């Protein structure tokens, strides 16, 4: 039996994992899905990356969770890296699910293709609270390319604007890269959010930065927690076992 | 219910889609599989790219098809791009099935690896009508790598020599690239006709030229209409839905 | 009915194929799994690449095997290339299973990433017989990433130290590259032993060196003979058929 802590990506909150959590628990595991500070509906969006990280550290320490398999999805790859620095003694293994693995000193924005940088810069600038909402067309065609339109719409309704500052903050990751914690990279083979290929893709560009890691793959999009939550839960178990 | 128009690749004619059409229709869709001018058995092979395109435009207009999901396989990626320029108001979505997406001003031949250019140049030069027939060994090992020998032989018997001029003609695609029609790229993961990898492969080299597109993948070779027509039909539905 | 000769990789011996051989034979084929000289437990490890090759040639000639589908896994890609030069008239087709395809004049070590060169150089130097044993952590996380810990342990117990000289010997492969024998490359899509990607990966880096070849893929790790022997046997049949 493992203790999973699942950390959501941009525009999401912890409720995105509900079906995955249910399946992990049905299989006898413990699973937690906190919401990052500044994320979710009806909350203050004025947060930076350090505050996001601290909110997950507080959650783990507050519940006194230990021997954790800590998973970060997408943006949360940057969160779990910094959380690991803070509470490394509580973490048994890290799982990066189509997640950003930043080089030391980079921001998430630094690792995006220029057309995405321009799009999200513009959306944040036009907002009144330095957030940006994902256009539905991108959600449907690129993030959730493996779902039908009905699921694309119902899941889009669960999203909320993403604070932009955590994408801009440059992260000191020297300690993260020195920690010997086992790592897995779980890659969904139809994920085209970062354009597939050597220059921009999730895998192997992001994954190879981890050094020694366990590669696990599954069919599916960037948003398999919606399009295939049971398949995802099964692969999380495979990625997270010793 | 969708209206699919499936456009075949080189050496093929519309009959290559029969099993796919049957399955799409069994699922309640309309499906049409015209033969491109100069293609198929016992026809005049003296055609250029514009005549190939016009024959599909004529087919669509002649049947007054509207709200079409228009699919091009392989060579026909170049056809559907030009057809779209002519009848964009009739097209709901484009699907590129392991298909050429040419840069503006290129010919199909321009995007082939040098060893293929040399082979097909030579075959066309040696013919008496500027066509080239695909060697069986290539068909069996590279195009239909996922079939048994019996299917490789029976399907090869359906092929006919390919007019070379449509591979040589350089295409003005400026209008195509300006059209906001939704696009999907359906990639078969064992397709090795264009050598897999960044330099020559179908995906992501060809697919990324589309800009915003929906990626759909399935196992199989370049010729899944023969080796897995039902699986292909199911993925065409996924690639073609809104 | 085919006659398969399966040649194991580094650290292994012929017993690694037992479950695969059983399944091939249950399907009506003949299957042989010789042990390369200097490999296996309790044997003299003082061998070079030529002696490794000769031991497989002797096995094939000794049993008078003809019309062989000859498969090499990993390191044994280098063995079957040289065996083919010696007994090309006995070989119907070659299968490279996540196997090294060296350029003429290269050693296996030449085609490894620098961090692996440093690791294995160091392990061999520290041994008293110029062999190196694979660290368990690499076996579990990278070679057998698709198995549970119990299988990782039981299969690791079957391994033995690998003679380093056959990895160092530079191979003349001019004759191999001149032979018109049909070739297949069978790639397991979760194999991360050579880091995936253009620069170091098995496919398409190694596979494309074969020129015309049949690509076959299956899910799984570098060690599918342990994690999925029946699935592997089925794909060997597909890769090996005419």
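By letter and in written order, the chains are A, B and C; residue numbering begins at 1 in each of them.
The rule is simple: a residue touches a chain if its C-beta (ideal position, glycine included) is under 8 Å from a C-beta of that chain, and two chains touch if they have at least 3 such contacts.
All of these numbers come straight from a predicted model, not from anything done at the bench.
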| item | value |
| --- | --- |
| Same or different contact residues where chain B meets its copy chain A, judged by the half mark | different |
| Relative orientation of copies chain A and chain C, as a Cα rotation angle in degrees, nearest 5 | 120 |
| Where chain A and chain B are represented by their mean Cα positions, the distance between them in whole Å | 37 |
| Multi-chain contact sites of chain A, meaning residues that touch two or more partners | 198 |
| Contact set on chain A toward chain C in their complex | 182, 198, 203-205, 207-208, 212-217, 238, 241-242 |
| Partner chain B, residues of chain A touching it in the complex | 137-138, 141-142, 145-146, 148-149, 189-190, 192, 195-198, 201, 219 |
